[in-house]
């Protein structure tokens, strides 16, 4: 019988040495991490599932723009109801996985955990109409604030700031409902797509507009009022991290700015620490600010140094 | 008969309350937007289709690098012809959808709209050889301008600036042909992938090179000459937005910089307003510039403040 | 016979003029590039393959977080061995393609090239345990350095800096093994996903932490010590590019900063040229630095200019 | 500049001679089919779309078995409504394409055609509850008629006869509504999956059960009563095709059997022509029958010829 | 603000009447099936999962033909181990779902059910080497029995009989381990692909060869010895179904043929009832046999009736 | 540091015993097949690639029906040329793999093998116009021969006989060009989809029509003339297989029927051995024929036995 079912050819000069690498990697895992998974956690939240959840929620909130453009008055509620249901079911499962990482659920039974996750997902579902109202205010702020904006459709389809805020407003609700890991996951997906990095803990009022957005960073305890506008590369960060007596960083204390209503912060401005930017202030581009300013302030950068072509200043580049 | 085709189980303690959420979302849509889609627009441009169009055009322009590397002299024209045809057909459809958003086409018949879209797509097709020539000049500029560049293939495959300029040069042609929504869409796709945000209205001469690129913003009415080089986080923006007597922002007026030939702008520089950077000037990194400079200028930032380790300056961070 | 197999309809008013565009594009290819592919290279490295390679390596290094969360003690080595093998085989092929671009392999026989590629892939495989150890140190640095970090899983799933460093440490190994094109490809994929742009040639010590990360640029010849921390938009770049007598840029010389152990560099700082930042120094946000500083230095930016609401400073934006 | 953007290599010894083949194929198309598409039909029904339509309808009819097993009493109507709507929309489009092939719609305007297609799709939608009732009777017949059947779920998931009847009952409704091409398409998809070939014109009463099914053929004008059971390889075919004076086959006349209520037809039986099988008859396996039989008949095959091992009968095989 | 976020247009003349259809379908579900899912079964076995399981097992059994052709001696065991593990895990889950349909598991706790499913899957895993040996004997029988067979690879890739027997031998093992629903599912997948319909309960000895195969049916209680060969359209079926006093079909009794060693059954032969075909017999094509025959028998069909062209016999067809 | 990177949990009661199964499977491979792959063949033809090749050829032959319905006179040749080229390239590779299985190429160098494969693929390409002409004759025969056929489009999209003949005519050309393994592969793909099993060696004249088709088997050395029509379940098979003195089956000799022009063979007829069916003959359904018949013959089956309802004949079924 020609061509028997033979084993694969053995040619030592073309071996990878797999057994050795596998053993070394095993040793590396064991040496560095002598303990097991705490509680035997084997079910991690899934990035793919989280992406589908956010897309599903976006479709349920704005069905004709993100769902199916040819929905009719007759069909739209079926679409919304079905999309919501299948999305909330996915969310329930991911919440369940994420809760297990919290100390208070480490010892919970599977049934208790699932039940708690269901309650959270249901409560989250009921917050969606209010979240939608906030997002509509953000979209209107973009239309008002950008002279290049032509119509709502352009804003919904093309504005990275609106994309990022959709992620944030959903993530913030989950953060408040006690699922920080999932919330963080949602915002990192927007960060990767837009370059806008908002911590899900940040509190942001209605009618918020981020233009361009690449490089924006907003920290965990930041509080932003109504009708605030920020441009690309703006940082609302922490100034320093106090450590406790044990040398470990103190977590969770208020360490990011408070920005009051109607403030505008131009591109590249960096505001650090628990300072307050009074309402109606304008912070100029590239400004570095680590103290509070009163309402109605105007803050801008100092002058640049110029020379003629003959000079050879440091023509620094980043390459 | 065991296992009848029974309806799904009803367990009220595991209900989402979907009917309520669906009703609230419907109310939210109706309350905020009492009017219908203007003109009953139900066909929005599709992001997926636009991604396929740009990929198709890139393949037709550079068939061996982005299309099929094993094309031969015998097969390449079949490939280009077929790719062009199917891509232009997709483009025709997306242009048709986008035109409906323009006031001048709101009342057009379907046939007129489709005919106009076809003319635009055809005209766009005939501009492709010229667009290709511009892109070749950009690629050559990257090779000349970056000491790390090894060969053309590396530039075509690995340089985000070239990727963004391919999107821009295609989008700019569509913008000039009267399809701003589609053009914007194309550039936002590049913005998400590269962090480079160029408005499709910007006019950019040949041999333009963007290095690294993250955070670059170039505004709608910017005009850039030949052989200009910019680095990451450079902004060519507007200084302020005048409002008309009615308080509404004036749209479309020239409000972004003019950059003449052979200018270099280093990382983080911010140039704002309808100022002119004279030919051959060098703008240093992180500079903040809101007035014109003559040809051959050198502009750089002021000095920093330094302290020894004993001091404790604000160690501001963005976290 | 109704409905014959007829040729497509001919309607000149709906023709694209394909033949003309195809001919113009052919002329454009021929005019600008009169030579052939050097050496008839037709096999380019494939972005899709490189993405799969990096994902495969990440799964082999951290099987329960990036591979299959439900692996057990019984199955994990099978998983790692199989994943490694199929990934190294893919890598072998991509290395083979990439080597052909190097001058020293232009004349190699196919067999020699494939053999050399195999040796490199095998050597790379044997470096994976050491690479894993470096990445574990980076993950621990993130946990230590960020007050918001909750646990290792959050860091592995949600921290763009860790994502980028995984790409970099793999790419750097390939760069040192003589496959710069593939290394560059790997880091550009991370650049697109995270906004962090590290040249694969950069040398980075253990326990490196990048927070937020958007806009970070680290140049080819940078050298970074142990336990260094950098924030978003930090540039470690070159100051200028010396050209040789022939006017061509000199390639490969040391032109980026040396950062010693335990340095922290805050957001937006730009450090340019072959300067040394002494160990333990803290470089403040937005600082522009083009000279060396001794160990223990504290460097920060100058003061801003402030006005009251009545003034009208340049409210520059980037739009 | 190394590695120019060169055209693909030209190596005549590796050419396919594409231009010649393309020209010959064009000549073949033109020679054989000198006319154009009648009416310029360019939109053919799409197999992929028809597959999606049938799957969608199956899911709407049996949502927990073919749709989403975890539907609840709360969510099932949203699911059914949304699935129906998107499926009917797809169907509308495919009906529109199929109608154009009918002589009576060759001259219709696009709007008329679309309107007629909508009416048909809507009427079809309203027939679905009745179609479901028929299918439930078929499923119950399978449970009653097969001693191996365990429960309804097994029948819905594993019985090719039920699969084929689902296609047939949907196709038959479309056939009667005047869309024969689409109906035929639907049944051929089931034919390929099950080996059961039912012409969509065949009229089949409730509680019909096909066991095994491979090779079953049921012709266009067959009429089958209630509670009929057939096994694999049964043919209900035509005996001969009368031609008219012009030598062309006469189309559409009644030429297939009538099978009355409660008949059983065993494997391989072939019944041909417009004969009637009286109610309650049993037709044995492999029988060849071309005349009518009265109610209550039993028909079986003649005897076989047997020999001992010494003989050598024709050991015919099909190889 | 132009282009508000309006609700979809309402045009009654283009409504489907969805609400009515949805209500009618709900009524249809409720009327016919007044009871709920027994035990609230909501998790059905998944066809997609079963397909993946069979493919995984096939790859583990014949790794170089169905898995990855370029496996080497170094890598094959990693491949087999990893493939087995992920496949058995999938199988565990599907067994768990299928067991719930059996009366003896209706009241089991989830944990008990999962534990039992695990035991079955593990036992099944340990039977794989023996199953492989049987399949190798079938492959060798195909090579010996078909004069057209060129080599083992052709048989593994192109012989539907080998494909069907792979499904059957796996399904039979599951059937014996008490998972009939899953077993049935597996064989129906092969039935659809090959037209060969073997009930998973059938007992088939080694070195079994089915040539061509379309239309073969082998019943639940058939017993087939060693080195048996059958051709297309052979049926090993039941003759009649006795009903009990209650009129319900008696299930599970022996009602299909016993075929002893070294029997050949040619195309189209139909053997019915609990008869025995003695070893070494040859059953001719199209034979209809309902009684036992002794070892060494030769059975063939009677003569045909022939006429000259002038006659007009029934030229029956199936159309 | 909570949640260390721990190794997967070890729980012996949930182990599969993988190591044992893997070892047993290895032993099974080694015991039964002590030799290696002959010649170290590791590259098998790929089913997926063959499917793509046939689809590509079908699209090139009938571009508006199987390729892209909206092709225009301007674009069709680009489409055909591009499709041909990419398909022939795939075919080249698969031919190369298949040739290695032939004894005469076992010792060939890789370059020789590839060169020969290229020649075959090129020659095959040049036969495509002639193959298309044959297929057009088959399509016309279907239109003429089936009273239910409405138009060419229905035949191209819905007739399994045309689908199978497309595969056969392509496979037969490859068979004659010396690539039997690939040819067999192509026909088995059609066999699975249609239930029609034609050996690629069979010689079939123009205008051949298979109606319904399930269960048709046509053997390797069959010769079929012009304008022949066959129905479902027709077998043109071998009668017996002579063995040589060594007991091994003689391969390749003429052992299947010759069917002359204008013959019709009705459903279920079985014709075996190297007999000749004279031109113009009609073979009735279910006939069993093992001798030649002169031109113009009419052959039909004997009579059936009938009884009244009171009798209880063997109501044999296949279940």
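Per-chain numbering from 1; labels A, B, C, D, E and F assigned in written order.
By our rule, a contact is a pair of C-beta atoms (placed from the backbone, for glycine too) under 8 Å apart; a residue touches a chain by one contact, two chains touch by 3 or more.
Small disclaimer: the values here were computed from a predicted structure and weren't measured.
Each chain gets a centre from the mean of its Cα atoms; the one farthest from the centre of chain E is B. When the C-beta contacts at C-E and at C-F are tallied, the pair with the greater total is C-F.
The pair D-E is the one among D-E, C-E or B-F whose contacts match those of A-B for more than half of the residue pairs. Of all chains, the one whose Cα centroid sits at the greatest distance from that of chain A is F.
Chain A and chain D have CA centres that are 51 Å apart. Centres computed as Cα averages put chain B at a distance of 22 Å from chain C. Between chain A and chain E, the centres computed from C-alpha atoms are 50 Å apart.
Residues of chain D in contact with two or more other chains: 2-5, 7-9, 14, 16, 18-19, 22, 26, 32, 37, 41-42, 64-65, 70, 74-78, 81, 85, 101, 136, 147-148, 150-151, 153, 195, 212, 214-215, 217, 232-233, 235, 237-238, 241, 267-268, 270, 272, 285-286, 288, 301-302, 314-319.
Within the complex formed with chain C, the residues of chain B that make contact are 60-61, 64-65, 69-70, 76-77, 80-81, 84-85, 88, 118, 121-122, 125-126, 128-129, 132-133, 136, 147-148, 150-151, 153-154, 157-160, 193-195, 212, 214-215, 217, 219, 232-233, 235-240, 267-268, 270, 272-273, 285-286, 288, 290, 301-309, 311-319. Looking at the complex, you find that chain D touches chain B at residues 1-5, 7-11, 14-16, 18-19, 22, 62-65, 71-76, 78, 136, 139-140, 143, 150-153, 156. Looking at the complex, you find that chain E touches chain D at residues 14, 16-22, 24-28, 32, 37, 41-45, 47, 101, 146-148, 180-181, 184-185, 188, 191-192, 195, 197, 199, 211-212, 214-215, 217, 220, 231-233, 235, 237-238, 241, 249-252, 264, 266-268, 270, 272, 280-282, 284-289, 293, 295-302, 314-319.
The touching residues of chain D, counted against chain A in their complex, run 68, 70, 74-75, 77-79, 81-83, 85-86, 89.
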